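Everything below concerns the one structure shown next.
In order of appearance the chains are A, B, C and D, and numbering begins at 1 in each one.
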Amino acid sequence: MLLALIFIPFLAGVLSLVSRNASLRYFLLGTAAVLHFILTCSFWFFPPAALFNNWLGLDRIGQLILSITSGLFLGAGFYAISYLKNEKHQQIKDFQEDIIFSNVPEAIFICCMLFLLASMTFLALSQHFGLIWVAIELTTLTSAPLIYFHRHHRSLEATWKYLMICSVGIAIALLGNFFLAVAASTGGEKPVSLLAGELVKYANVLNVKWLKAAFIFILVGYGTKMGLAPMHTWLPDAHSEAPSVISSLLSGAMLNCAFLGIFRTFQVCTAAGLGDFAGDLLIALGLVSMLVAAVYIIRQADYKRMLAYSSVEHMGIVAIGLGLGKAAVFGSMLHLVNHSLTKAALFLVAGNILAVYKTKRTNDVQGMFKVIPISAFLWLAGILSITGFPPFGTFISEFTILKAGIEQGRFFVSGAYLVLLVIVFIGFATICIRMTQGSPEQGIEKVALKQRFLSVVPPAIMILLILVLGLFIPSTFRNFLHDICMLVGGN
Amino acid sequence: MFYYSIKIFLVGVFLIFFGGILSLLFWRKQKLSILVGTLGAVSGSILGLIPAIKVLLSGGKESLYIAWSIPFGAFFVEIDAISAFFLLCIFILSIITAIYGSRYLLEYKNKSLAKAIFFFNVLISSMAMVVVSANGMLFLICWEIMSIASFFLVTFEDEHKHVRQAGIVYLIATHIGTAFLLVMFILLGRESNSLDFDKFAAIKLLPSSMASIIFILSLVGFGTKAGLVPFHIWLPEAHPAAPSHVSALMSGVMIKTGIYGIIRVLTFLPNPPLWWGWLLIIVGAVSGVIGVLFALAQHDIKRLLAYHSVENIGIITMGLGLGVVGINSGSQILAILGFGGAILHILNHALFKGLLFLGAGSVVSAAGTREIDELGGLGKNMFVTSVTFLIGAVAICGIPPLNGFISEFLIYTGSFKGLITKQLDLAAVSIIIIGSLALIGGLALACFTKVYGIVFLGEPRSKHAMNVQESSMIMLVPMIILAALCVFIGLFSSITINWLKQCISQIAGIGPDVVSSQILPLSNILIKVSFAAFCLFAAIAILLFIRKKMLSAEKVSIAPTWDCGYAKPDARMQYTASSFAQPLVDTFKMILRTRKITEPIKDLFPVEGQFESSTPEVSRDYLFNPIFRVIYLLLGRLRWLQGGNIQLYILYIALTLIALIIWKLR
Amino acid sequence: MLIEFMMIFLTLVNLIILSTSRLSTCIKVIAFQGIILGVLPVAGGQFDIQLVIFSIIAISVKAILFPSMLLRTLSQLNIHREKKPYVGYGMSLLIGLGAIVLSWWISKNLPLTITPANSAVLPVSIFTAFVGLYLIITRKMALTQVIGYLIFENGIYMFGVILPQKQPLLVELAVLLDAFVAVFVMGITIFHISREFDHIETDQLSTLRS
Amino acid sequence: MDNISIRIIQPILALILSPLLFGIINRTKAFFAGRKGQPLFQTYFDLWKLVHKGVVYSKTTGWIFRAGPIINLSAILLITLFIPLGHSKAVIFFDGDIFLVIYLFALIRFFTIIAALDTGSSFEGMGASREAQFSALTEPALFLALAAIACGTGKLSLSEILVSITSKFWLSHISIILFVAATLIIVLLTENARIPVDDPNTHLELTMIHEVMVLDSSGPDFAFIVFASALKLWVFTALFAGVLIPDIGFGFWPNLGICVLAVLCVSVVVGIIESCIARLKLLFVPHFIFIATVFAVLAMVFVLRK
């Protein structure tokens, strides 16, 4: 089963690479996404058996990440079909500078999307730290060509930075893995293998100092991929230059995958009684991320970059939640889900806005309610949700984290967290809400009317899910999240 | 059967909400969508009134607890006397404004009204839910929904820049307020490890420092919504921007939810220290005086009314402070008078401020401008509007025999009672209350004589005011009802005060029977007041009769106004609002900081001169803007981080690594 | 004995890289490093067949594939020298010397209970990693940065080699493969860069900011 | 002497005697100016004459202008029921009737002002504006003064306060009495539009406050207005006298007589003041009123000192 989960998208990718026929490719993309989703859903009811003596297995956290990824990919996949149909023409006029550029061939694009899905699945399933590393590197490599979809110098620059920075970061993470190996080997009489389960089980015999080193290196390494400041620098560039559907995938799914790597290491640390040590690090980086995000979100001139920075902020929130431990972990996990759904939806809507207004500058976008009412509504809902307004789920998760922080007496952390949240909100409110109001310039209205069905349904569903999560959390899901908290000694 | 009446309430709330949904569905057929929305609002409100009135009169609690799956959350709603009182205000004004709005909205040509109706209904239902929700999570969610709904109503005419600006200011202000509330609820929950209100109330022996922190947080958080100085900056922006019936609802009851929050928190925190009372009274006094002063300096009628909301919130807060002082000093009558005056004033303000905003609305829709100086002489063509507005104006100045006087009368009596105890601290707070109330009264009178005199009397000052005609009956009837209610409470105050017994006793934490025994002499006094009022009416009637007799023989002639010998009297020569207010504005210029642009006329045959004055919000210009400017500056300092240079980026990674190692691995 | 010499060589070539501006030299050095790294596991003396296979693969990738790829890119680009870097070559050399001392000191203080085949391996690996990172940070050419990345990874790889507990072969191979693909993609990107900008100086690649 | 039928004498006296005050004041001024001056009962003649005249209404005005005088007169009539002459109970009294009285004055002010604005004349507007300004400033002073005296006596109703100003109390609280009296006299001058705040019989409209507001009134309406202002003066003087002169304790009638006498004297004093002081520049009037507030606060301080 698990292998099937990995190989479906992989094979589909290969096929779409070789196939000559566009509609066939779309078909492949759609079917792969659907199959993958169905399989993933089935795992909720029939837990699959682990493979290769536990090298591949599906534990709670993996299942969470996997489900998010699969769900988002389903939405993004269908959105991508409508998007690609829009982007058919060979030569495209760039709207920022007067340059003509072409797109990466569709085959490569779809193939890479599917490969990305495969590698993310692989990551979610892999239980061995070596494999995790490999998988994360794979996600980087498969997503790089996607960012370079529009062949012009800005996306090229973004791609280059993405590649370089992430590779360096991941290399550092490799060193962290080696340290982990050292810690595992120098502790007890016989070396412990790098399987997550084993490490957790024998955590008490691990060598503490090396474990600490390992966590720091892995945190910085995977943190780069996850977008924690100040290693986040690739993120806004990549998200703003990639096609919106890709940005939504990167922001909604890939960041979580990097987070998974950190989470597993954190798991080992808590098991070894280093919870506070690791927690402090996570909180520190989390706060820095929120600060940096706040710096760039106020007065941000480009709404896609805005969303990207907000991803940095929310990754910071997730890190803080994990670092605070106990009740906060629940909030953190919930926030992971909420952020993925909201941010993905927002990026997809941003794609619609871009398609109609032909600009990424917030000042040039006005009167969305008159031009693209549905997208405008979704956009507004998304903005409210991403800034933590009830009745959206994000409010609950952020509130939970804040509550835990205050109840643990971490007043400075909680205070900074709250203040930064408010500042970010101010940034969003002053910039993004204005886009929906007012009346548009002439000439835009005509473009408006034809808005593809597929381009609004996925984000709409995601927003709806967030709304549901804000009003009602199924008890099974709640217990599920509680089990995840148990993994890191939460409650 | 036991939960019967709260179920009714919930059904009502649902009806209101459902009406909103329907009106959204029927957005194509404008008339229909307005109809269903209004019907939903009215019928739902009437249903909701039933349990509210029952609880308010008979006391007791109606509660319903349903477990809820979101963390710390529970669907826990409870109507006690306090909630019931606020529900009364909310639903009455909702019915009135909904009916009014159903006609008023038609003024907006070619604009989709369904959105306005929908959010209006959402606003009503969320307000109702806010005052009954007995669980922190539920409260916060309803609270924020209320904010969002009102935000969309404020930005209804979002094609104007200033409206968008107002909306943003409002949203940010209310969100910052909510941030304080989050912390407050979490702290309360920390003490009682639950977010249910009954658990909060069960907290005893709270460390006094913690209690004070919670109180301060609630004062800031709820004060922002209520519009206490200096957190009131959003208010004078938002109210003019919104459609008038929405302003009436917002100013009449929505900002009162902030007061509700403060009261609710006070019931959680037993035996408050004296300085809380001091704080409340000082904040209230400042809000009252500042509010009325700025109101005096405004030229925009709705903005002026908005500032008067600040003033009245100040009066209410002073009443609360007096009550707190009473509780602290163990003098029950003081507590009863303070809290009683406060809540009665809440009701009264809901009535006459609603009335005034509706009146302003009908003026605006008739004349098409909010500039007071452009109007004049509207009283002749708009008789009903002018009379109802006059009643509202007299009431808000606290002049007998109308309701505004009664609530101020209670607060005055309370403070005098505090004064004659000759205890220094009681006397001191009483002096503050008396002095500021007196000043507020005088200034409010100046302000409303200005508004009424300039808008409705004299000659039209511009073509806007030339040939206006009276609004339709659907808009007039609600105003008449409100005016009637004002008169009723003014004349039968002793009855009204007895209705509020339960509520007062619950706020003050005094047994109902004690309260009624304390209220008895008070209501006797109020009966005397009503008697005096009737004497007044009798005297008026008699004098009218006498004058009729006198004039029956003599001739009554009509002539132009005596203009002291000017050749060509002209409407432009009339006193304007700004010239009327100018002496007082100058007297308080060091607070108001009015900006004037003057171009005096020169030499014998002068070319035209000009004079402009504007009074911007001081606390925004001198308090908040600087703060935000500093924050933006500091954050802006960091913008070089994302310099675009990849080598630098990778250096960050290396440095972070080193820093973390040095931090944690030494 | 053998390892001792290897280490000395490695240190020297690292220093050379720091001080040279000639790209081709850098690439040759990469190849040289690759060979050494490939031999290193077996150089300890124990002849385990799995190890041998792996080292062969490693050599073929690190010492042959990478350099050839890079050389091909270089020939396409028709440029030979790194223009002026952020830090001059002499200065870089000094810094390199400092780094050597530092890495020896660090490796002294590391509580490494295991004994590697040779006490020099650890410091040299650290030094190598440092040099790689240093190149990435201070040089402007995209190509040089790729080279830096390779060296960086080599350093880390060396550290992995001295671990007593071998990663399973599969993982090792996967790691290699990843590195390979990474470099491959980077090569492509560099090609595009050169075509887009007709130079590969990444300090020009800074239009996206804030 | 709590029997209502006797207490009713107080308002009746007010009705009868109040127009006399203007006469007295004018005579005093005339005396100081060395003129003969108008007859003492001039005001009565004026009222009589006005009552038998017709009225001229401006075509700008509406019902407000017609209702104003009536409402004002009835309000002031109502007030007289609360004002005790001498140290006995008034016709109506209850705890807190002070507020009712003060706010009834506010009612009068309100309708005077809007009636003035109803004519649309710039002069009457100007008068209205000044009236609004000054009365807004006097209100705190009056309130604080009454609060002080209430605090001293420990009573909340006007009648009881005055009743409890016995000679004993008077001696023990002389400082308070004086401060309150000082406040009251200033308030009296301001509220009744006397010099130095306003000059009732100048005819330079620009300097007038109260007179200019009634420029357009005529006939019975004007009669009502004049009568109302006479009553207002009476009420304030009675209050002033009641506070200043203690209960000598010979029962109701002597007190009444003394009080009436005192009222007349006060009007003489007002006349003297008017003839000694020049009219203040309008900009200084707020300062003048502020002095009253200062006195009131001082009184308060002295009360709480005990």
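Assume a contact is a pair of C-beta atoms (placed from the backbone, for glycine too) under 8 Å apart; a residue touches a chain by one contact, two chains touch by 3 or more.
These numbers come from a predicted model, not from an experiment.
**Student:** Any idea whether B-C or B-D has more C-beta pairs in contact?
**Tutor:** Looking at B-C and B-D side by side, B-D shows more C-beta contacts.
**Student:** Could you work out how far the Cα centre of subunit B sits from that of subunit C, in whole Å?
**Tutor:** 71
**Student:** If you average the CA atoms of subunit B and of subunit D, how far apart do the two points sit, in angstrom?
**Tutor:** Using C-alpha averages as centres, the distance is 36 Å.
**Student:** Report the inter-centroid distance (CA atoms only) between subunit A and subunit D in whole Å.
**Tutor:** 79
**Student:** As a quick test, compute the distance in whole Å between the mean CA positions of subunit A and subunit C.
**Tutor:** 31
**Student:** So which stretches of subunit C touch two or more other chains?
**Tutor:** 133, 136, 145, 202, 205-208, 210
**Student:** Residue numbers in subunit B touching 2 or more other chains?
**Tutor:** Correct list: 639, 642, 646, 650.
**Student:** Of all the residues in subunit D, which ones touch at least 2 other chains?
**Tutor:** Residues of subunit D touching two or more partner chains: there are none.
**Student:** Going by the touch definition at the top, which pairs of chains touch each other?
**Tutor:** Listed in label order, the chain pairs in contact are A-B, A-C, B-C, B-D.
**Student:** What does subunit A use to touch subunit C in their complex?
**Tutor:** So the residues of subunit A in touch with subunit C come to 128, 130-131, 133-134, 137-138, 140-141, 144-145, 148, 151-154, 156-161, 163-164, 167-168, 171, 174-175, 178, 181-182, 184-186, 191, 194, 207, 209-210, 236-237, 240-241, 296.
**Student:** Under the definition above, what is the set of subunit A residues touching subunit B in their complex?
**Tutor:** Touching subunit B: residues 160-161, 164-165, 168-169, 172, 209, 212-213, 216-217, 219-220, 224, 230-231, 233-234, 236, 277, 280-281, 291-292, 294-296, 298-299, 330-331, 384, 389-391, 395-396, 399-400, 402-403, 406-407, 414, 418, 421-423, 425-426, 429-430, 433-434, 437-439, 470-475, 478 of subunit A.
**Student:** Which positions of subunit C touch subunit B when the two form their complex?
**Tutor:** Residues 86, 133, 136-140, 145, 202-203, 205-210.
**Student:** What part of subunit B is in contact with subunit D in the complex they form?
**Tutor:** It comes out as residues 376-377, 379-380, 390, 394, 397-400, 405, 408-409, 412-413, 416-417, 419-420, 422, 424, 427, 430-431, 434-435, 437-439, 441-443, 445-446, 448-450, 452-454, 457-459, 521, 524-525, 528-529, 531-532, 535-536, 539-540, 542-544, 546-547, 550-551, 554-564, 569, 571, 573-575, 579-584, 587.
**Student:** Touching residues of subunit D toward subunit B in the complex: what are they?
**Tutor:** Residue positions touching the partner: 51-62, 64, 70-71, 73-75, 77-78, 81, 92, 94-100, 103-104, 106-107, 109-110, 113-114, 116-123, 125-126, 128-130, 132-133, 135-140, 142-144, 147, 150-151, 154-156, 205, 215-216, 219-221, 224, 282, 286, 300, 303-304, 306.
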